[in-house]
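In the two complexes that follow, chain A is the common piece, with chain B as its partner first and chain C second.
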Partner chain A sequence: MKFLREFLSYTSSLPRLAIWAVGTFLFLGIFAPWLTPHDPNAQNLLQAHLGPSFAHWLGTDHVGRDTLSRLILSARTSVVGMTLVLVLALSVGVTIGTVAGYRRGWVEEGLMRIVDVGLAMPSLIVALAVIGIFGTGYWNMILALALAWWPGSARISRAVAVNVMNRPHIESLRVLGASPARIYFHHLLPATLGAVLVYATADAGAVALAIATLSFLGLGIQPPTPEWGQMLVDALPYLESSPRQVILPGLALTLAVIGFNLLGESIALNRVPTPLSRKILRQRRITAAAWKKA
Partner chain B sequence: MTASRRTFLKGLAVAPALFGGLSSTISAYAQKAKAHGDLIVAIAKPAGNLDPHKYIGLWAVQDLMFEPLMRYGKNGQIEPALATEWAVEDNGKLLRVKLRQNVTFQDGTSWDAEAMMWNLDRWIGKPANNWMNSSRLYSGHRIVDPHTVELQFKEPVLGLLYEFSYVRPSRFLSPKSVDKDGNYQAPVGTGPWIQESASNSESTFKRFDGYWGDLPTFEHVELKVLPDSRSRMAALRAGEIDLAGGDYLAPIKATEAKALESAGIPVTVETGTTTIVLAYNPDRNEALKDVRVRKAINIGFDRAAIGQVLYQSLAEPAGSLFPANVPHAGKRFDVAKRDVEAAKALLEVAGWSGSGIREKDGKKLSLELVVSEEQMAGSRSLGEILQSQLGEIGIELTIRSVDHASRHSDIPARKYDMALFYTLGAPYEPFGTLVGLFLSTFNNGVDGKLFLDPANLDPLVLAATSASEADVAGATQAIYDWLYNEVAISPLFYAPIIWAHAPRVQGFTPPSTEYDLPYKNITLGA
Partner chain C sequence: MLTLVSRRLRNSLVLLMLATLLCFTLVVSAPGNIAVLIAELRTPKATFADIHKIELELGLDQPIVTRYSHWLTGALQGNLGISYKTGEDIGPALSSRLPITATLVAGGATFAMLFSFVLGFAGALWPGRFADVATRTIALLGASMPSFFVGALLIYGLAVQLRLLPTFGSEGLSSWILPWITIGLLPAAVLSRVVRVGLEEAMSRPFALTAVAKGLTRRTILVRHALPNIAPTYINALGAQTGAMVVGAVVVEPLFALKGVADLFLSGVLFRDFMVVQACLLVFISFFVVLNLLVDIGMMFTDPKLRRQGS
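This part shows the complex of A and B:
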């Protein structure tokens, strides 16, 4: 209970829009199959391009599938894909980063130069290249994005690991004769993970966007799995006759990405002193002026 | 010089006048262009190298300058062009053509037997052009008089006259438009349009007033490169272009055609000469070896409903390999109707049973459909409908959407269970498709094969290609019957050819092949 209260009080300090957007996104993602009013893949060609109605709250798409159900299930596709990519990317990135931070010296130099190479290439280009080689498909897409995403987390975890390793308690552990495995697994890894998870929150939106981008290009999620990027590209030919079909998935994607970005940013900024607002600044000036007079 | 407040204010006062002047000059220029009568046509990509003996540039642009001996008219009628008369003799082994007199190339060179043979020598009989019967079987020529030529062939050449109507390599370049090594320099032909300029954003042409035939009523043609179909639609509605459409030139999708129509833009829709075909690859998937499975798939989906939804009823559901306007298209087969129960029964008899996805010997009835949006717009949606409808009869269809390059490698390598194809279309039909897409021994590069059966199908195709003109109908019908009975392919739709033009364009008629630019008979209104 105490944990929950602490968590809630922490979230209340974050921007409300971000909390709502990310919260809804995760909720839909987790409970999607129980929330969809219709079978998201059930086609009815005679009911294509229907506008919103009681049966279909957000209308139907170009082959007569319920748009609301597809939007909801798309959230799940994104949440699962995003989680898989981040877990894969983080496990590789954190391992490499902490090993580099722990060992230092030429190991660090070597590993970090590899990371530099990874960082030098735009992640989407790396992902496209991997898909070009291995072909399209769900797991290839996850793999491609993970390969594109690990260098960032490796760089951050190395920085954190170097910081942790320089702290006095690690030195004491060494003097006391703690084994390298103990230092690494009990002290270094947990301390690093926390910082990297914050980074991951900020990055989740970018991953969701990358999944949508690849699907938009036809290289990511394959039909019939609903996915926002795919819904967008399928609806493009009908942009004029039924713009709703383009706007809705676009809006859903935008909200999710903005939510994650705001959240990540505010978590990071929560640790930095906030600049004073104009109103407070004005008050302070008035106070200071009063001092002068006195 | 320091800018004082006064000079600045003066400048401000002058600026609007300058702007006004400039914009009035621009609009005057635009008015002039329109008044003089420029036909502005959208093209999806730059015209490229227009050498008629190479396979690089855009066909329809080459058609503006280069003319054939005979033209492919509506429904495959052969019409005279640079040849006025022709005769096929010696059982089809000799072609005698009488050349049109008083014709000159755009550079003043006269069109005669010598110019014709100079062109033919650049391509005929060379291995690279073996896909053309006339080139493969060419044996020699004789210039009878300056306007009569005889071409000799080793064997009777099927589709001979059609081959001489192709855009490339059969059309004629001025012998003077090459350098001293014989390398192509400029696109100079006998046609009514002279190229003025060409760049990656546009090509412009002016009328050739010495043209032998009917002179176009307007003086310029401007081809604007607009790669994105949405920007073409916007340009058409804004009056910035006069004409767009065709399968290759500046394609218009069925949904876009409907939007244009409702915006008051005249749209012409015709059944074209290409067919959208669903191909099976039994070599990769054992299940497809069984004709009953193919038959079940063929009646497992609803062509009419798909046509209504995806093609806005503009595409006619297909029963035969070719639409009726193709020469030797054969007997019309009925369009397969969706029959879920019959399809299920067929699969049951074939040993595929179970609820949900059917199984046989512990193997699921699962097929992979390869689609490429770049090759065929809307093919992924088509795939999704097939996936859903075939799912109802117990077939699991997975869709693999690939980019253009992957399709070019996967389709010839036959890495698919099912795939969507276009037939080649006029003027290459029927033999372009029959030989190119069905004969196992013929290498057709990236196009791939619709169906392969060296033991049964190849002899039929070979028999048709070596049949005499009198037997061709029967020989091609034998192929169509075999394909139909074996359900070797599933014809889906006859692709509609959609053109749209600005209201000021009058007298527009769609071209008879996808390789011509339809400028003829057009007059430009105000």
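This part shows the complex of A and C:
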């Protein structure tokens, strides 16, 4: 109960739009198969390019599939893909980052050089190259995105781990004779994981965007599984006659990503130490007052 | 200063070497025998002798270190190998496509810089008014909007509905406008936020208060006193956004049917044409390493604090 109240008071401090967008996205993603009014893959060429009606609330696409059902099921594709990528990328990144933060010296030096190379290259280019070598397919896409995303989480978790290792309680644990495994698994890993998960919120939107971009290029989710990027590229040849089929999936994707970005931004902003921001604000007020008179 | 530059140069070279190693490992670790793939592409009924001949031709029988050094020296001389799909040399194909991608990114960057200074200054001069709110909205929307959606909306609005511009091709200036806006819109918004927030931050420092007290005009304070202060931040952001635009080319080139480097890369990825993927990856990585080096040197020139660290 206490945990729930704390959670609610925390969410109320975040922008409401972000909560709604992310909440709807996750809800649709989890319950999609029970929410779709029609079979998302049932084609009916007699009902192609229909406008909104009571039977098809958002109309139908070029082969007569119900747009609303496809939009809803796409959320599931996105949520599942995003979760898999983040779980894979975070488990690799956090392991490497915490090991580097725990064992300073040449281990850290070597691991961080590898991370630097990974960070020097943009994620999408790396993901595309990996797909180019191993071929297209669902698991190859997940693997490629995870390979592209782990260096970021490795760097963050190393920074957090170094910070944790410098705290006095780790030192006293060493003095008390705690084994390295105990320090690592009981004290370092949980403390790092919490902080890194917070940062992962901001990454979630970027991963969803990357999945859609790969599907748009025909290299990610393969038909007939519905996906927003792929729905958009499918409808592009009919842009002139039915622009709705292009705009709706784009809008859905944008809303979901905006939610994650706002959430990540406000979490990052909450971390600014208050005395510092108050000082900056005061200085700004003084200059702004002079500014108006100038 | 000079020692600092040379140290950065050395770091970049090490990074580049590691990156080429990664490039090479990626192709070597590809599943399946490459020689079999090529043999099947050349003749539908390849025999074991054919496959063995191709293995010798590619030097697959040699140790891996020798193959890496061969590949690297070849790449330095512009010899990037032969496409498995089409059989043509990759070097000339790349250099013929480079101008298109360069025009796309350079045009987008110019658009972004012009846009960012105009709207950034407007936002700083009249906070909370149109320019300020517009750039903030575009920056937020743009970060969350896939560029293929932005491009589709622009095509629909400007080319389909208003019939102002052609939707694809690379002939004449008018066909470039849509790709430039598509690729440059988000960088423009981000950079104008950098200008706007940087100016506000600089104006809240004591030296700005002094300048106001001395009775200088708003324009003089902004241009002569505040603007040099945002130069390092701006160069850093411009570098990051140029990188983002090169990545954006992967989406924008197929959308507008431009035959650039990114398009070659994509076709290589689609047909699992390893040599093309490898060559394009090498070009992209070299570009990013050089870009980061240029940004760091540019920041050193504009930031006295960084300059003093070296001497």
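Just so it is clear, the second predicted complex is superposed on the first by the 272 of 294 C-alpha atoms of A that agree within 3 Å, B and C clash if a C-alpha of one lies under 4 Å from a C-alpha of the other, contacts with A are read in each partner's own complex, and residues count from 1 in each chain.
Quick note on the criterion: a residue touches a chain if its C-beta (ideal position, glycine included) is under 8 Å from a C-beta of that chain, and two chains touch if they have at least 3 such contacts.
On a predicted model such as this, the values are computed, not experimentally measured, just so you know.
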First (chain B), second (chain C), both or neither touched by A:Leu219: both
Touched partner set for A:Val63, first chain B, second chain C, both or neither: first
Contacts of A:Ile30 with chain B and chain C, given as first, second, both or neither: neither
Chain touching more of chain A, residue-wise (chain B, chain C): C
Contacts of A:Leu119 with chain B and chain C, given as first, second, both or neither: neither
Chain B versus chain C as contact partner of A:Leu88, first or second or both or neither: neither
First (chain B), second (chain C), both or neither touched by A:Ala195: neither
Touched partner set for A:Pro237, first chain B, second chain C, both or neither: first
Chain B versus chain C as contact partner of A:Ile170, first or second or both or neither: neither
Touched partner set for A:Asn41, first chain B, second chain C, both or neither: first
Chain B/chain C common contact set on chain A: 132, 135-136, 217-219, 239-240
Touching residues on chain B, where the partner in the complex is chain A: 230, 253, 255-256, 258-259, 302, 305-306, 308-310, 373, 377-378, 380-381, 383-385, 387-389, 398-403, 406
Chain C contact footprint on chain A (complex, rising order): 113, 116-117, 120-122, 124-125, 128-136, 205, 209, 212-213, 216-219, 229, 232-233, 236, 239-240, 243, 246-247, 250, 253-254, 257-258, 261-262, 280, 283-284, 286-288, 290-291, 293-294
Contact set on chain A toward chain B in their complex: 41-43, 45-46, 48, 62-64, 132, 135-137, 217-219, 222-224, 234, 237-241
Complex contact set, residues of chain C against chain A: 15, 18-19, 22, 26-27, 29-31, 140-141, 143-149, 152-153, 155-156, 160, 200, 203-205, 208-209, 212-213, 217-218, 221, 243-244, 246-247, 250-251, 254, 265-266, 268-270, 272-274, 277, 281, 284-285, 288-289, 292
